[in-house]
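In the two complexes that follow, chain A is the common piece, with chain B as its partner first and chain C second.
So, the complex of A and B:
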């Protein structure tokens, strides 16, 4: 499993904007797209904003197309399922809104490093300190999780191989139980290791 | 709530487990819209094994990292966009679901009992998640609550299987590694040493 985010390194205004500002901006734009009742003019304006965003962020229209392809099955779903209950124009307008919102959100994900967003989260949590929330511990928890995913993925791979070698087939129970036990043991070992190094 | 190092590492580990359960060949009849994966199994297990707040916290950690752009959801999905699709309500529902499973399995208990795990996975792992997922899907697709509930029935069989699996898995983990269920506030219960650590 690749642990790389979807960040695309470019030099643009959108890349240089602080993560917090981009997230707030995203919420504002999404509210502007979602709250007013859908009109073809409104949807057209949304599409223009999306295209402008990909150009200003120097992501290019090829990236925009890649993002649309990535959600092609979602588009099928949000068109087909409501068609059972609703008329075609309503369904298409709703689907178009969902896709516009998704493509806008993708701009933020493509132009912002994972670490920048996590730092913004930690900063946003700082005022909660007086309510007993410790942002440093939450930061530790997030960093630990990022480090633990490849460890657990490695355990899962070994278990699957071992099972295949013994029985030639896979059973969920014979796979998940040892995965849980080994993972939780790893968690307790990590806690001991942190304690041994003076983390409280 | 004072968190111990064991709490933190278990929360982080379970978040990672839920992520890893999304890797092996996720079954997605509707593509990425509302995929059926083992990840909800992980959510139910988080509540059943870790208890309500650690279970909910591990789901929350997973969602924060996903929002930050890491591809931790089934099918390698990630980024802020996953919170703006018709299935997003189910993701938010995971947090509530894990908490409800945890309350039902752990409240006033010193060890997991199979029927409480079964009740917990149905009420928390299914109904609580639907209670958040269905209204969001209805709002985003312009459906009525009744229509969205009908669409939701596509997930009931898979979720029922996962709920049953959670019961078997939880009881098996209790036998193999009872320490997993013990919170620092309770006395350590270790009936038989399973292996030399």
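So, the complex of A and C:
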């Protein structure tokens, strides 16, 4: 299973760039892609930036393709659903912008260790401490979220297989309820594990 | 210290004094442990008994994850309720399912997580993590996502993440249950060969037999404490064979 933007260790300029710089750069590029009204030129430029990013980061076009595959269902969703209400060119332009933004964000997470991103976020949030924000807490929450996605995906896969094995088909209700129960149990276990590892 | 040689002077005294643990449930209260008193400083302590007999509850008492409803628990002189912060530094806990225990996305990051808040520099943390990875044949796995590891590797990582924090007592709740026979043996060898004291909850009687002492729980009560062979015999003849 390919997860969107899972860190790939390489030796590149993008990997060496500080996480904070990459995050700020990402925000700037995203604004440039999203704010002006979409034109073919604009989208083309966005695509060029994406391809350049994967090459400069020594990730390769195969990685780019894997990332696109990882979000294929999302693409289907953001194209198919709005087609009911909106004209085709508008939908495609919007979808293209969303995909470009996701692929850009993935460049950052592919070239930056989660810890570095968390450190950068924690540093950026530090001034908010006097308003009662705890940056370490928020950093830990982000890390746990990243860690939990594949675990829940694994639980969902097991449940789906178990159901198929028993009934040969899938029932939404018989899927969602046990998945919720198991996810909550996982959350409980994780809370215990965090306590055992000295997090209060 | 040579491996296999135990420094028993450093082992902690585990003492329970008239401990009862009750859990509120929809159907009323469940007694998970009923008036348990015991004292031990065994280097490797096995805990056995049927499902629901109270083993996990006992294990969780030792690092303050559960608190006694009545009575008191002390480990190495620390009370598990009032000194819980110090206790958590001293007592490491290994869970059955490593997925719940590995909290960071990659192998190296999860090891580093155990070293936070100890006044170590980033460089010192990286050094310690690299050393642990190298010692355990995980050097090539540093940046691998935890979910890409096999079950055996995950449990190895979970244990190393506990060990890197240098606890003096390790409590493991069925650490080998999800593993194949080879990985189970590997983890058992690792735990039993540690210089640190270990409490191991297990259904693997072969593993229990390799410990220095065993506890047998049944129906929330401590049935016997002593030589693992005798305790296992009693478990099989009195409890497993019970109609």
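Quick notes
Keep in mind that, in the parts below, the second predicted complex is superposed on the first by the 123 of 200 C-alpha atoms of A that agree within 3 Å, B and C clash if a C-alpha of one lies under 4 Å from a C-alpha of the other, contacts with A are read in each partner's own complex, and residues count from 1 in each chain.
Please note the rule applied: a contact is a pair of C-beta atoms (placed from the backbone, for glycine too) under 8 Å apart; a residue touches a chain by one contact, two chains touch by 3 or more.
Please read these numbers as outputs of a predicted model, since none were measured by experiment.
Contacts of A:105 after superposition on the shared chain: chain B is touched, whereas chain C is not. With both structures placed on the common chain, the touch criterion links A:144 to chain B and to chain C.
Between chain B and chain C, more residues of chain A are touched by B.
When the shared chain is aligned, chain B comes close enough to touch A:160, but chain C does not.
Once the two complexes are overlaid on the shared chain, A:197 sits against chain C while remaining clear of chain B.
After overlaying the two complexes on the shared chain, residue contacts for A:186 are found with chain B and with chain C alike.
Contacts of A:114 after superposition on the shared chain: both chain B and chain C are touched. In the superposed model, A:9 makes contact with chain C only, not with chain B.
By the touch criterion defined above, A:59 lies against neither chain B nor chain C after alignment on the C-alpha atoms of chain A.
Overlap of the chain B and chain C interfaces on chain A comprises residues 3, 6-7, 113-114, 144, 146, 151, 186, 190, 194-195, 200.
Touching chain A in their complex are the following residues of chain B: 1, 3-6, 8-17, 19-21, 23-24, 28, 30-34, 38, 41, 45, 49, 57, 61-62, 64-65, 67-72, 76, 78-81, 83-86, 140-144, 147, 151, 165, 168-169, 172-173, 176-177, 179-180, 197. Put simply, chain A touches chain B in their complex at residues 1-7, 23, 26, 30, 70-74, 76-78, 81-82, 84-86, 90-91, 94, 98, 101-102, 105-106, 108-109, 112-114, 117-118, 121, 132, 134, 137, 140-142, 144-146, 148-149, 151-153, 156, 160, 172-173, 176-177, 179-181, 183-188, 190-191, 194-195, 199-200. For chain A in complex with chain C, the residues that touch the partner chain are 3, 6-7, 9, 113-115, 143-144, 146-147, 150-151, 154, 186, 189-190, 192-198, 200. On the side of chain C, the complex with chain A involves touching residues 60, 63, 65, 85, 88-89, 92-93, 95, 97, 99-106, 109, 112-114, 117, 142-143, 145-147, 161-162, 165.
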